[in-house]
Amino acid sequence: MSPERLKALLDEVAAGATSADEALDRLRDLPFADLGHTSIDHHRELRTGLPEAVYGAGKSAEQLVEILERIRDAHHRAMATRVSRRKARLVGESLPGVRYDPVSRLLLLGDSADRRAGPGVVVACAGTSDLRVAEEAAQTLEFLGHRVERLTDVGVAGVHRLLDKLPVLRDAEVVICVAGMEGALASVIGGLVAAPVIGVPTSVGYGVSKGGETALHAMLSSCASGVAVVNIDNGFGAATVAHAILRGANA
Amino acid sequence: MSPERLKALLDEVAAGATSADEALDRLRDLPFADLGHTSIDHHRELRTGLPEAVYGAGKSAEQLVEILERIRDAHHRAMATRVSRRKARLVGESLPGVRYDPVSRLLLLGDSADRRAGPGVVVACAGTSDLRVAEEAAQTLEFLGHRVERLTDVGVAGVHRLLDKLPVLRDAEVVICVAGMEGALASVIGGLVAAPVIGVPTSVGYGVSKGGETALHAMLSSCASGVAVVNIDNGFGAATVAHAILRGANA
Amino acid sequence: MSPERLKALLDEVAAGATSADEALDRLRDLPFADLGHTSIDHHRELRTGLPEAVYGAGKSAEQLVEILERIRDAHHRAMATRVSRRKARLVGESLPGVRYDPVSRLLLLGDSADRRAGPGVVVACAGTSDLRVAEEAAQTLEFLGHRVERLTDVGVAGVHRLLDKLPVLRDAEVVICVAGMEGALASVIGGLVAAPVIGVPTSVGYGVSKGGETALHAMLSSCASGVAVVNIDNGFGAATVAHAILRGANA
Amino acid sequence: MSPERLKALLDEVAAGATSADEALDRLRDLPFADLGHTSIDHHRELRTGLPEAVYGAGKSAEQLVEILERIRDAHHRAMATRVSRRKARLVGESLPGVRYDPVSRLLLLGDSADRRAGPGVVVACAGTSDLRVAEEAAQTLEFLGHRVERLTDVGVAGVHRLLDKLPVLRDAEVVICVAGMEGALASVIGGLVAAPVIGVPTSVGYGVSKGGETALHAMLSSCASGVAVVNIDNGFGAATVAHAILRGANA
Amino acid sequence: MSPERLKALLDEVAAGATSADEALDRLRDLPFADLGHTSIDHHRELRTGLPEAVYGAGKSAEQLVEILERIRDAHHRAMATRVSRRKARLVGESLPGVRYDPVSRLLLLGDSADRRAGPGVVVACAGTSDLRVAEEAAQTLEFLGHRVERLTDVGVAGVHRLLDKLPVLRDAEVVICVAGMEGALASVIGGLVAAPVIGVPTSVGYGVSKGGETALHAMLSSCASGVAVVNIDNGFGAATVAHAILRGANA
Amino acid sequence: MSPERLKALLDEVAAGATSADEALDRLRDLPFADLGHTSIDHHRELRTGLPEAVYGAGKSAEQLVEILERIRDAHHRAMATRVSRRKARLVGESLPGVRYDPVSRLLLLGDSADRRAGPGVVVACAGTSDLRVAEEAAQTLEFLGHRVERLTDVGVAGVHRLLDKLPVLRDAEVVICVAGMEGALASVIGGLVAAPVIGVPTSVGYGVSKGGETALHAMLSSCASGVAVVNIDNGFGAATVAHAILRGANA
Amino acid sequence: MSPERLKALLDEVAAGATSADEALDRLRDLPFADLGHTSIDHHRELRTGLPEAVYGAGKSAEQLVEILERIRDAHHRAMATRVSRRKARLVGESLPGVRYDPVSRLLLLGDSADRRAGPGVVVACAGTSDLRVAEEAAQTLEFLGHRVERLTDVGVAGVHRLLDKLPVLRDAEVVICVAGMEGALASVIGGLVAAPVIGVPTSVGYGVSKGGETALHAMLSSCASGVAVVNIDNGFGAATVAHAILRGANA
Amino acid sequence: MSPERLKALLDEVAAGATSADEALDRLRDLPFADLGHTSIDHHRELRTGLPEAVYGAGKSAEQLVEILERIRDAHHRAMATRVSRRKARLVGESLPGVRYDPVSRLLLLGDSADRRAGPGVVVACAGTSDLRVAEEAAQTLEFLGHRVERLTDVGVAGVHRLLDKLPVLRDAEVVICVAGMEGALASVIGGLVAAPVIGVPTSVGYGVSKGGETALHAMLSSCASGVAVVNIDNGFGAATVAHAILRGANA
């Protein structure tokens, strides 16, 4: 029941057109969460500035077009993750303003949010094979209005390359660590910086890397403090965590 | 906001003591799910006739006494699962009316529900080692007012013992199959009866039995139709599924 | 030995054409389960109204045509699951009356069973990616004569959308919950309704979703009562459980 | 060094044609296990009547031709497992006498061994999807000279179909049970027959069937006695076990 | 329905005291598998000479006494596996003739079966830590009347110790290989002998030995032919397979 | 090389007592990271206000006393996690000022940090069995100067209890969700609040709960945004992530 | 800060152009590991003679060309692993001197290192299916200047073939064992030779071979001493271990 | 048969004292591997200077006394691993010269081997909880005559502590890295040193550390070169690999 309809009902009660008992009955019957629904959704929108992102992997180009348009109309901007190059081209034919990046596989519609002040997020990754996931995180953040500094190829087997970047790392408000194989990057960075560190294990590797499971478990077992983790290859998820943190920092 | 308070507010609106706008504001501010809370809880109680069962494994005797009393006062009866013999004795000293069964490890307080009509549930198990789990299911059902027929030692490696019991199996409204090791009992029974079959894998076995995982996966892979499964050793859970089914059958 | 042949033998004994000893020898020699065979099969047919469904994944179009025809001739209707679009087209060329749905991948032959009274089954799913499995459940049930209400996109991360549908959920005789990823839908619904809940984990997701294993384990670990589970992506299996429950409810 | 050549050398020493020192040198130089080697290989050949079977999955058609010819020349017959239809055609172009069966994917060269007396082996399988593995076992055994009785579609969810075949099962010297999904067939048959039962789990199924792991573990957890198991889908391996058993039975 | 009662019924028909139709009705009603039950059980006893062994792990001393006596009375001998020293002492106080071996943890009642002719079974194990499982196999076989040759400490890391025993190995009718850790013994022996090889993985080891899973998987992956496997630590199961093989060899 | 010693060296160069070349040599020889060491440690201390917490599980009471004293002397406060009641008593005898809480198993030495402004952290848990982990998180945060609001028993199977607490949840700067079994709490809360959500899976449960693995995987698979996760039962780790976030928010 | 710039700064201090305090400030600000960076890199290059090998699996032909040229220019030689035939051809078009081997899938640029003295490394493998991995190890070692002896087809199921090669094995400085399936080769060789043994499990096999996991775990569980292991299919990794050992042996 | 005895036999044949046939018989009868056996054992002893170490976990004090004495008599020294404090005391009562270390749980008998020249082995570990495993490695090496340098508490979350020790690490001939939790130490050290690195994962940790599996998989996935790994907690095994490497380096 929308506030408008609720107001109308109360007006009827005030005017004597509906008795209190009748109103109670109608309120009792109203779908449980109707009021809440509105408030939650309203809250959702305020909260994120982020239209629900569409998980593009299991959807057709037609479905993507329809959903993205609907979200864009409601929220001014829309995005989809894990969109293949071919599907992106098909979507582009129907949705002229859409932008696609073949590395991150993100499909973006509408302008990026206004650039937020502050040093923002460092997205560090261990190797070029992790770039797809790192870019999913970085470009999502930029679309949401955050400054992103990229550190590429700072794997732990060449720890000096990482140490060279300490000033950049220590300036960050949040660090996102993207790493496959043994995923030790999150531990090492977690020991070097004060900011919260979000680990993103990737499915890069073979054999006991187990599609990212080893990196995931290694990051979770980290002996460093201040490290939390998202699902394997979930660059988008890490971006939403960083976004939630930075909104609080600016509130 | 309870119906009483809601009615009072509407009365004020009807009487002109509160304007429609003020009422709207107060309704808008009321904690989101307040209305729902009541209705859900009410529904819960109607629904189950089953006081929330207490999972006794991680609680002290003192905690059990306090929680069981509180539930009994609200619902006339209360029960706890996975209670050790020692803990049950301690509870019994503070809660005189409590009943304990060392096989099922159930602690029961208050009278059983009235006996429901109909043939009820068959609880079949493959071996004496599965009895603890089978009795947890059977005695929970009896406490809730259901008729239970027990079939013991009807393992698939002696399929004739099972076939001897066909008339009993086919008369049941629900069959609960309790089996460890290879858990094939659910498949064989599922092929013989018309009633829904609830499989309860048990942790009986060693080596590749893997604490019940093999029986669980075997039951889920069953090529028989009409078979669904609950967690390993979860006799209580199977009883709640059977209870939910039989309530519908009698409604 | 069919009843007819058994009657003939007994007639011979009664007529003195066969001695009791000879009759005993012939009965002793008859294949063990012959009598049982008939009775079982008869029972099976009565029981399900459901011709054995053919698992279409590993069979050729030719095999499907042959098996479906044979089942249809015996039972008036026949169905196959997991049939690809291409295979369905080939089957359709040989079996003109066959119907195919590309979402559920079901192949149906013969008329649906007569519509059963009562509110029937709610099939709820968490996202559009789960639709294939949800439709396999829903269309199987409709083919068997059950009323089905579909709830789409009621994931737990937007719990208000689920609460909006409470009246529908609470009216159901059985609820089938189809969910991938973290599979929490079954727990939340299990806490809201009185009817038995059948969880169907799906293989939707990536990383630690592990092809549905996480949803499966989460559903089995559910702290809600009245929830049982079938194999990953097994919409058909959930439908057979619901069917077994509803037959009992109507008996 | 064969006994004949060793005897010849010793004769030369006895005759003075070779000095003891020269003989020692020649014996000293012979590769460590040479004596053993011969005896092992000789033994191997006596033992199996089975030329080493070639695992065809990872080899090119050219490699297969070369290896099969070499084995055939030494042993009169040769076989390869897991050969694709395309590869078999290529091999056939170079090796005219070769026979290929697309179900078992076996490639056979040379005549089958002479038919052994006795009732032989029953190869039972639970469904048509298991036929590839069952035929790999059955045709390997026939190539080695054994009688094979096939039982198809005797799954445990229709236990009466299995019981109908009891006389055939009980006559067998060895029973090979081929089953995927929950793999309960081995348990049920193990409880019905006196002969050794070799279980072959298959990768048929989905979800928690886990590529045959559930059937494997269920068979190993079997509460029936006299059951041993080979690797998933390893019909050939089961045949070699049956062959080893039957050679002993006839010795 | 026992043969006696069936005969009586047929006599009544022959005598005209019961009509053919009445007899048909009574036969139609007789419990499905009654006839079969007898024949199966009879067959079971003939088949094994092995009273059902009692799995002692989950039973009390009182239960063991009662079950062993019942089996002994029916079959002249009885045995229980996995019986602790303490439980064995308690059983011994009530059942004077019982024999207990603390290594194999077997409890035996009644005389061993008569010694069968022939070379019998070699039970080989890789280390002294595997002795418990090896003795469970060996003593079960001796109780059933088989000759057993024990080979201890023939691990693959000292392959010469194994080769020294070749004559013994090659003389065996069946070889049981008991090995933990990497379980390679079954592969090496499988390449050396003609007899069937039964692998018994043991839970000896630590870390990636995973309670015997690595040995199990290694044995199943064996590239040697003629090797089948039983559950981890299941010495008794291996003995029942060997027993089934040897009965056939002697039939 | 400490800043003091470095300054002394530079003074010598300025004074001509050491040549630039000699100074270069001494700098070149200084252990690689000496300078860095200091700066890192300094940074560490500034950053956390958190003395390195001692993981108490594998240490003796004597070791704990020694380490805690050393840390306290350097940092004014010290803490140890996972300390048993018995060990805590022994430590208390040697370290009089130490405080111990038997629920969280934390051992605290020195005063808590000054209370930080702002609404702080909500620590929500699904059941009383999760309290140990929840308290480890909550008390660590309080020791570090943060305000903590506890929500107990807000499991998803009674979603209304959770919705009742929405105002508290939405006011939080960070939400820590502690949940075992199916771990769905993180998903549901993640869909309701704007703040970052840190999930802590617990080892509460049995069967497929797998010591917390199911809750962990379910949380990582969450379809809600803004959710990151720490290791199973790692309440302390979650507190360090929240601490890192809040320091940034206040900077 | 390079030594040159550091020297310049010290010169300024000596000359009085910069005060000691100013110099201290500038040193304090210099990026933490700048000095170390140089020394580490220098060390790296000295150490290996091995340009960082490029993991070719996830890179485009263009990326490979660019990276290989850069490495070659710095180190005279460069290599990439896991390069497909198609990608290699594309690289070859842009980088004329490049050499490609389709078995090992290595792409080599520049001359091999000078041949090192000594017997070098034996690379032994169990079957022709393991050749790809074995050649990756062997050709990497040859490129680095080591002598390599190849032993092919020395599986444990034909242990005599292995024993025939004892003199070769015992002469080796390092033995690399490449084996899939049950991976027992490492144990058997570990018991026969004095040199360190590097096990390389391969993903060859099916069913419980689990993509190499069984071979990996079996090698790690080896009861032989002197055996260490690298990741599944990681022939290159084994070569780098052997290289590190041999550099020490020659130092 | 030793070469001497073989020569003597051939001399007899040459002298006519033994006929060729008699010689053949004696050669034919000699145990298959006799020649090899001697040479292997001889080789073993030469090779290791290491009496076979006894795995003490599954043996009684009496068994340990007997085995250790037998080995000591043959090899001058003997050792057992994983001996509990209680068992060590019992052994010490019967074997006065025995030495026991409660941290490494090693039991040593006889003098250590002479100290080998050279810098020897660095044993580095990440935390005090890893000390037991690190000491098992270190003390085994010292017993075998190697110099050992211990680095304690050099975890990757405080990477500067590790960098401080670079000169020590770079001087080592072999580095043994002992680490639990995320096991990243091996990767970081592997990137810093030229020597071969042997990783020993430990079972230290909880939750996803999985008893050392995560550390194991992380080490195997290491992107650093020159790293090989042994079983979880297998400090002794790492020592035998280092020993094998150093013997080669000194040969």
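Should a chain be cited, it is by its letter among A, B, C, D, E, F, G and H, assigned in written order, with residues numbered from 1 in that chain.
Keep this in mind: contacts are C-beta pairs under 8 Å (C-beta built on N, C-alpha and C of every residue); 3 or more make two chains touch, one makes a residue touch a chain.
Just so it is clear, the model here is predicted, and its values are computed rather than measured.
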So which chain is the furthest away from subunit G, centre to centre on CA atoms?
B
Of the chain pairs G-H and B-E, which one is connected by the greater count of C-beta contacts?
G-H
Candidate from G-H, A-C or D-E with the same interface as C-D, over half of contact pairs in common
A-C
Chain centre separation (subunit C, subunit H; CA means) in Å
59
CA centroid of subunit A to CA centroid of subunit F, Å:
25
Using mean C-alpha positions as chain centres, tell me how far subunit B is from subunit F in Å, no decimals.
39
Which integer distance in Å separates the CA centroid of subunit E from that of subunit G?
50
Would you please write down the residue numbers of subunit D that are in contact with two or more other chains?
32-33, 36, 40, 127, 158, 163, 192, 207-209, 213, 216, 220-221, 225, 231-232
Which chains touch which?
A-B, A-C, A-F, A-G, A-H, B-C, B-D, B-E, B-F, C-D, C-E, C-F, D-E, D-G, D-H, E-G, E-H, F-G, F-H, G-H
Touching residues (chain side subunit B, partner subunit A) in the complex
3, 6-7, 10-11, 13-14, 16, 19-21, 23-24, 27-28, 32-33, 35-36, 39
Inside the complex, what are the residues of subunit D that reach subunit C?
127-129, 158, 160-161, 163-164, 166-167, 204, 206-209
Within their complex, state which residues of subunit E touch subunit D.
36, 40, 43, 46-48, 50, 53, 163, 170, 173-174, 192-198, 216, 220-221, 225-232, 237-238, 240-241, 243-245, 247-249, 251
Could you please specify the touching residues of subunit A with respect to subunit C in the complex?
31-34, 36-37, 40-41, 55, 57-59, 63, 201, 203, 211-213, 216, 231-234
Touching residues on subunit D, where the partner in the complex is subunit B:
126-127, 155-159, 163, 181-184, 187-188, 190-192, 205, 207-210, 213-225
